[in-house]
Each structure stands twice: as structure tokens, then as C-alpha cells.
Amino acid sequence: MQLGKIVGTVVSTRKDEKLVGLRFHVVKFVDPDGKSTGSFVIAVDSVGAGVGEVVLVAAGSSARQTKTTEGKPVDSVIMAIVDELEIDGKTRYLK
Amino acid sequence: MQLGKIVGTVVSTRKDEKLVGLRFHVVKFVDPDGKSTGSFVIAVDSVGAGVGEVVLVAAGSSARQTKTTEGKPVDSVIMAIVDELEIDGKTRYLK
Amino acid sequence: MQLGKIVGTVVSTRKDEKLVGLRFHVVKFVDPDGKSTGSFVIAVDSVGAGVGEVVLVAAGSSARQTKTTEGKPVDSVIMAIVDELEIDGKTRYLK
Amino acid sequence: MQLGKIVGTVVSTRKDEKLVGLRFHVVKFVDPDGKSTGSFVIAVDSVGAGVGEVVLVAAGSSARQTKTTEGKPVDSVIMAIVDELEIDGKTRYLK
Amino acid sequence: MQLGKIVGTVVSTRKDEKLVGLRFHVVKFVDPDGKSTGSFVIAVDSVGAGVGEVVLVAAGSSARQTKTTEGKPVDSVIMAIVDELEIDGKTRYLK
């Protein structure tokens, strides 16, 4: 999974019919120190995450293993909200 | 999903038989400000998108989860047309 | 899909038994102007493409959705030969 | 598979229900000399690996082929702990 | 598929039970001239390849389409040993 921070949202009315009702978030990828890696992804929310939260994003067919995304044309899903991230025994991020 | 802008089309007569009738668009990947990331992809259209539109592209096996692409040798599909993109509470793109 | 130009071939006698009879092409990835992107892939041909032709390459599990590659350890397939590529209304490539 | 070193952990209470009980490790990718490649991934542990160990990480749908991860929204799994790595006949890493 | 040269091996005793008996090779990716691309992968051998040989590596779910790797948490497999590689009509590599 990639570590990311939700920074925005995408609105789309014309889309595949299976996508109706899904929320699309703009997720900026970050390193363990919270610094942007320079890339981002549009991911479907499956856990009620909101702008500003640090999350985990699963990609590929694994992105379709949630109830929200099963069988849908979705290749990136937010499947966890990060509470704490610890590196070498030190807390780097705490919600 | 990746954010992209449709900039062109590809015509192919000699192709896998399952691909007959599909439209192949050239999609330039863009960042949330609409600036090109420098890379692009050829994606099948499943939502009636046209040149100039900002779209979402799903890749991998997820690209085969639309009625248009099911069971076909297609690894990138346009599955949504973007109406609005908002970052940090501000509209960055409005159709 | 990625856009590429066939520049060579690979010969292999010792390989997985399912691969017998397949043709492996060296495909140089190109941008819409036909300029090399600097990377390449070895892809199985499913459409009778030859050296010098501009083609589309599908990757991942989508590469196994042709009759030639079904169920085989193949992650890249040539599934279309490009006749014409048009960007912003202008022809950039014509076979 | 990618070679990596476990450098930390991620704690998440709000996550997809299938993920309850899984351990998420921060894995820094390394080259055969143990030098960081600059990128990292959050991977689920399936072999009882701990911080400081050198491991192999499988990605994509292959990450769901362990008992720990089957059918879950997980795209990266630690499926082996490395005991020894040998390059050109010389041991580069020994646990 | 990617082109690579086997440069080493990985030994692991603590691993997913399905991986017992598999050989893990360190494969350095090379370009058609045999020059290293700077990246590498740990791949399972399915064709009896050894250190020093130039091989093809299939990734993702396609890596599980051999008898050796079926249903296992393996995302990269060596599925062919290269005998000859020809670019623009000239032999660039001959075993």
C-alpha cells in the first residue's frame, strides 16, 4: 500500500454506472515524514475518510476487494485511515 | 485512477477481434492544476468522452470492469469525465 | 495501453511449455511524436505485427485476454497495429 | 518481488473490516547491497517478520495468495524473510 | 516481459509455506545491449535458469501462470531463457 494524504475531491456526473455514489478523493502520496513524493492518485473512499487525513491506498485488483468497490472499474481504494506511524521506534505521525 | 486530458485518437484496423468498435483515445496525464506530468496512455473510452475533456483513467484488470471492456485485452479505460476538481477547498478545475 | 515501435525479436528455446510457438518482439516505447521514451518491453505478438510497425501494447492480466496468450505466463501483448495517430486534430503518425 | 528492510509500523483503527488483525509494516526498498532505493511501501506481514529484518515483498494480486491476505484489499505482502543474498558468488547479506 | 540477467540468489527459510522448494534469483534488468537499467527484481525460476543467463521475466498475475508458481504469492517469474536477441536485423546478444 502507499501512504497518502487526502487533499481534495473530484466530482463526476458522467461516469460508468457502477460508480454512482462513490466518493473520489485526490490523494497526495507522502513519505513516512509526511513529505510529498510529488505524485498523487484519485482513489475511491471505502472507510469514510475526509480531506486532511493520512490514509493507506491499495491499488490494482486489490482495490476491488472492499464492499464499496467490488466488481467496479476502480484501481485505487482508500482502505485504512492511519492513526500512527512509527519508524525506528519513534513516532513520525500521530493523528 | 489517474487524472488525464484527452488530446487525440488512435485508429487501428488490424487488431484483436474483441477490440472492434472500441474508441482509443490518447490521454495526457495531468496534475491537479492541469499541468502535464510528461507521460500519457492510450485508453479505451467507456463514457462517450471526447478530445479536450478531463477524465479519470483506471488501469490494469480494473480497466476490464466496464461493459465496454469486459474480457478484452484492454489495460486502460476512461471510466469518468471530470466536472470539478477541488483541492484544499478551492476549485482547481471546472468543466 | 502503451504506444511502441517493434525494433527486434527475441529467440528462446528453453521456456515455459505454454510459450511454444509464440513470437516475442522487442518493442521500444514511443511518445505520440514517435520519439523513444527510453524504455522498452518484450511483448508477445497476437496480430501478426512485424519489425518497424507502430503498435499498441497491453500489460498485466489484460495481456492474457487474447486467444494467443490466454492462460500463459505473458504480461505484455501486442493487440493492435496503429494506422493513424492524431493529436489536437493533426495527424502525427500515418502508416 | 522486491527486496526491502522493515523500518517501522503503521497503526490504523478505522479500516476495511477484512483488515482487522493484520500487521502493517513500513518497508524501505533496498538494493542487493542493502542501500535504500529511495522508495518504500506499506506491506502486510504474513511470516512473523519484525523491524530490522530484510524481507521479500510481493505486490498486486500475488499479495493476496497467502492465508493471511486472501480476498482482502491488500496489494503488498511480506512473504519471506531473507537469510542470505549472494551476488556473483559472494555473500552480500547474511542474517 | 522485462529482459534481465541473473546475477545472484536469495536464500529464505522462513517464508510462506507455498514457497517451499522454489528458487529465488536476483535478476538485474538490462537493455537490449545488455547494459544494466539500474533496477532489479527477485524472481522465481520456472525454467532451470542459472546465474549469468539472460532471461525474460513476467510480472504480476502473469507470474502465476506456470506450474511452478500457480496459486503462490509470487509476482515475478523467469519463464524463458534468451538464446538470441536481434535489433534492426543485427544480433545484439547470442547465448
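By letter and in written order, the chains are A, B, C, D and E; residue numbering begins at 1 in each of them.
By definition in this document, a contact is a pair of C-beta atoms (placed from the backbone, for glycine too) under 8 Å apart; a residue touches a chain by one contact, two chains touch by 3 or more.
Bear in mind that the values here come from a model prediction, so they are computed numbers and not experimental data.
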Fewest touching-chain hops separating subunit C from subunit E: 1
Any chain that touches subunit E and subunit B: C
Averaged-CA centre spacing for the pair subunit D and subunit A, given as whole angstrom: 20
Centre distance in Å when subunit C and subunit D are each reduced to the mean of their C-alpha atoms: 32
In subunit B, residues with contacts to at least two other chains: 60-61, 63
Graph class of chain-chain contacts, one of line, ring, star, complete, other: ring
Order in which chains appear around the ring, subunit C first, subunit E after it: C, E, D, A, B
Subunit B-facing residues of subunit A, complex: 7-16, 18-19, 24, 26, 40-43, 51, 60-61, 63-64, 71-76
Partner subunit E, residues of subunit D touching it in the complex: 1-3, 31-32, 46-49, 56, 58-66, 69, 77, 79-89, 92
